[in-house]
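Single-structure report; data block below.
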Amino acid sequence: MNAVDLHSGDDLRELYRELILDHARNPRHFGKIDHPTHTAEGINPLCGDKLRLSVRVDRHGNIADASFEGSGCAISVASASLLTDMIIGVPVAQALTCFDIVTQRLTAPDVDHERDIGIDLSKIKALDGVREFPSRVKCATLAWHALRSAMHGQTAPVSTE
Amino acid sequence: MNAVDLHSGDDLRELYRELILDHARNPRHFGKIDHPTHTAEGINPLCGDKLRLSVRVDRHGNIADASFEGSGCAISVASASLLTDMIIGVPVAQALTCFDIVTQRLTAPDVDHERDIGIDLSKIKALDGVREFPSRVKCATLAWHALRSAMHGQTAPVSTE
Amino acid sequence: MTQLQKCDQPQVADCRQDFPALHQDVNAHALVYLDSAASAQQPTSVIEAVADYQREDHANVHRGVHTLSHRATDAYEGARDKIQSFINASSRSEIVLTSGTTESINLVAQSFCRPRLDPGDKILITHLEHHSNIVPWQIVCEQTGAELVVAPINTRGELDIDAFYSLLTDDVRLLAIAQVSNALGTVNPLRDIIPRAKSLGIPVLVDGAQGVPHMPIDVQSLGCDFYAFSGHKMFGPTGTGVLFGKESLLDAMPPYQGGGDMILEVSFDGTVYNDLPYKFEAGTPNISGVVGLGAAIDYLSSVGMSRIAQHEGQLLAYLMQKLGEVEGIRLIGTAAEKSGVQSFLVDDIHSHDLGTILDHQGVAIRTGHHCAMPVMDFFGVSGTARASLALYNNAEDVDRLVEAVEKARQIFA
Amino acid sequence: MTQLQKCDQPQVADCRQDFPALHQDVNAHALVYLDSAASAQQPTSVIEAVADYQREDHANVHRGVHTLSHRATDAYEGARDKIQSFINASSRSEIVLTSGTTESINLVAQSFCRPRLDPGDKILITHLEHHSNIVPWQIVCEQTGAELVVAPINTRGELDIDAFYSLLTDDVRLLAIAQVSNALGTVNPLRDIIPRAKSLGIPVLVDGAQGVPHMPIDVQSLGCDFYAFSGHKMFGPTGTGVLFGKESLLDAMPPYQGGGDMILEVSFDGTVYNDLPYKFEAGTPNISGVVGLGAAIDYLSSVGMSRIAQHEGQLLAYLMQKLGEVEGIRLIGTAAEKSGVQSFLVDDIHSHDLGTILDHQGVAIRTGHHCAMPVMDFFGVSGTARASLALYNNAEDVDRLVEAVEKARQIFA
């Protein structure tokens, strides 16, 4: 258990890429939306992250709008910001596929993530640095878990611990 | 802590001398006496020994009669039996000196135990084998502790654990 | 010696060498340890797991972002997963880590029973129970006005099953029963009893302290609601224990202790408790102990619980036969279904004297009331001598015990 | 480097080599461990004491006649004697061994307070407390209708002493107060507070979890009625703890848990509880853990608690100075009287990010709410980064911390 992790000095830069820091500092879609149809809270007791995700699904089953509130570390805030950016305008089913892809991408890097589901996943790659920091995966996936639980109509907060 | 105790094979015979086994099997002064003036209970939770010692002190301060009831291991019963044998007819002060001598004799073998206090202590030597069995010292001294607490008028049972 | 070969399956007999404490002389004789029902020895793998953890991985768990804290959390939570699969619980939320069987039972008494007991309600136990499965119920009955009902046993030390069923009435709010009696070795017929209790809607707590080290356990197939056991009796560290509880019951129970880790949010206006199992784990847990318990489970799994049960079963038969042949001996506890424990009396030798004489010959047994005074009262004795077996014992241990008992008889002859 | 020499008295600085966990690389950097307030590392002597005990002396305690059981009992009870003299209790009956501070406090809440609290009665705590010194009181207040009163703090993280005294009224049934705040390092003025409380007849519990590892403790001169602490914060094993309680109070309290060892006699007609301290120690205790705690006390005594306090005091001054010089830093907890703990925030970097970046450089600190959410609320933050010191830290550790913080600032620049 005492193996020395030979992280290159750049691991931290990979984790905190410019795009991540930008989204963490200037989160997109931060705040409330009108008439949300689905909401869910995500809590990560480890670092005190607490996000509330709100989504409005239109009658065609598309995500018309989405936003989040709350506070958290740079990784969880950036991830939530990226999430809202990505899912707006996307059918619910596709957004949930996104959940699968993101969580797999961060936890099982060998899987082929390049499946084409008709969403621009390029931004998600910004989170790839998290793979070297298994303890931060929970931060990166918190908003995604909240998305899934919102869509499944769960009311209790999801916790990633 | 793992030192090997090099007990000679005769240690057990020393502990369970004939005199001890005899007193254990045929305890003297076992039962009740009339009009006890002092009583006390001794409990050794380790082995479940439980003795009640009763003493009648006359107006001259001499122990006119003594007895014990209860149950216990061979060492504690023999010790109680020897005790009653020894203290009957003896002034209270001397009986308490006996307590000192017996407890010292069993726990601090280097002390000079041959002080002459006018009681025949020879029988007490039968308990000497206990010295090699520190765990049994509590059994050997139980009745003596009960004697002391009876004389000091304590009412709560004494415990040697 | 033929017996010796018969008793020892190669794999189980070989285990002995893994236990350093067994390889020492006591009073100038090779130690024979027949006191595992009180507390078991540890294999090197457990001792080293604890020491290695402290040398390399220790930090506080759950709330840390740094590497050691992650390693500690993984080791601690990894042990919980091992426990879950070892007793086949359906979820890790059902594995509450405690300091031992005693705390596990007190937790159920206070958090499960106390709020739902009214005067006239009953708690049913048996006459076989260890003090740890008696006193917590006496306390909660006194607190609530409920009544403690005790099912009787027969002279072989078996539950009187007819009497038991007649006491299993629908005003019983909990049945608390040992899987195996620590004083007598009796194995209770839980496969019959538990379904019967459940059909009456009575929750069942099983005191598994003497079960889990000696036989395969499957809490789902047993069907009990709570199952309590201790690490130190299953070759793990003292200060560790487990309460298995069905999730739906645990969920509805208030916390037992308050403190760090069992909360999600604390404010002076009110506090939100954490999810299962953490709601019941207040304060810094016994991290190194639980790591050791995980290693003990790895060890037991590698030997195989069925094999262990078979080995001990054969050895118990040999022990009962050999002891039974000693003149002047009285075996206490002769149930048809037994695990590796035998209580006995020799002539009129007080058990404390017997214990000393055996110890002098390097044979460690337990003497006294074995924390089961009601059992002693039932048999009209103040205590017994008790030899108890574990996977590392063999027929030679039994032979040495019998020799030592013979010597005691000579001394007291 | 001149600072380094100033901070380290030869004897205390040398201690570092006794702690194997400190001599490892984490993320390719030599480990800097600044998380001892959460849990401390162990010297080799403690690790070995536990392993040796298991290899040679283990058995269950108190009820055995055989040699190992005696050795185990002597080791366990010998540790109690060491604890007694370490905190200068007047009798070994006053040393109750528990699983940790949290259990010690819950014991007092349930056994001492619960039976004597009525609606309208008050329990007084402070805004500085750890969850373990909050939640047990919330629970017992809810159970009894008593009221939990919280004394306020000021922006330096000190108790507002005037407000405190105005709340210390004679309807307070217990004052429960930390000796040292784990989140802020504040040392409360117990020498003033306790006599004042006692003069009003108010019993006082001191949460000594962060006191006893860092300064000499004398419970008699402190004058408190209860003093609670944990083994794992004082370089001993997890799963061990102590409740010191005045004999007269403990004597009058009902037992906390029922089970083996805490009884003298059990029958179904009634049960006689054991003498102190055993009345409060139900079940098999954490024997190996307590043996380790005894070894930790030997270790601390050999170094000397006054020396440790002096070393840590100097190092804290250096830590506060160096951290204070970092641009964009906000120190949280700047009381006049402090022990070796410093919470801080850096720019707008979330503490979890800061923790990751520091860990990546081998620097282990704690981040988050430190089980003191009310303190976080008071300062309007969701968490802080916290560096905490122990006897084995030195000025180089502080320098490495400051370097690592600077790197975090660059990354987030």
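Letters are used for the chains, namely A, B, C and D, taken in the order the chains are written, and counting of residues starts over at 1 for each.
The rule is simple: contacts are C-beta pairs under 8 Å (C-beta built on N, C-alpha and C of every residue); 3 or more make two chains touch, one makes a residue touch a chain.
Bear in mind the structure is a predicted one, so any value in this text is a computation, not a measurement.
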### Query
Once you count every C-beta pair in contact for both, which comes out on top, A-C or A-D?
A-D
#### Entry: Distance-maximising chain from subunit D - centres being C-alpha averages
B
## Note on the structure
Distance in whole angstrom between the CA centres of subunit B and subunit D is 46
### Query
Quick one: subunit B and subunit C, Cα centre-to-centre, how many Å?
38
### Where subunit A touches two or more other chains, by residue
2, 5, 46-47, 135
### Query
When you check subunit C against every other chain, which residues touch at least two of them?
24, 26-27, 56-57, 63, 65, 67, 352, 355-356, 367-368
## Note on the structure
Listed in rising order, the residues of subunit B that touch subunit C in the complex are 2, 4-7, 11-13, 15-16, 21, 46-50, 71-75, 133, 135-136, 139
## Note on the structure
In the complex, subunit B touches subunit D at residues 1-2, 5, 43, 45-47, 134-135, 159, 161
### Message
Give the list of subunit D residues in touch with subunit B in this complex.
### Response
52, 56-57, 62-63, 65, 67, 70-71, 75, 264, 274-275
### Summary
Within their complex, subunit D touches subunit C through residues 20-21, 24, 26-27, 31, 33, 35, 38-39, 41-42, 46-48, 50-51, 54-60, 63-69, 99-103, 105-106, 109, 130-132, 134-139, 148, 150, 230, 232, 237-240, 254-255, 257-263, 265-268, 270-271, 282-289, 352, 355-356, 358-359, 363-368, 370-371, 373-374, 377
## Note on the structure
Per the touch rule above, subunit D residues touching subunit A in the complex are 24-28, 349-353, 355-357, 360, 367-369, 382-383, 407, 411-412
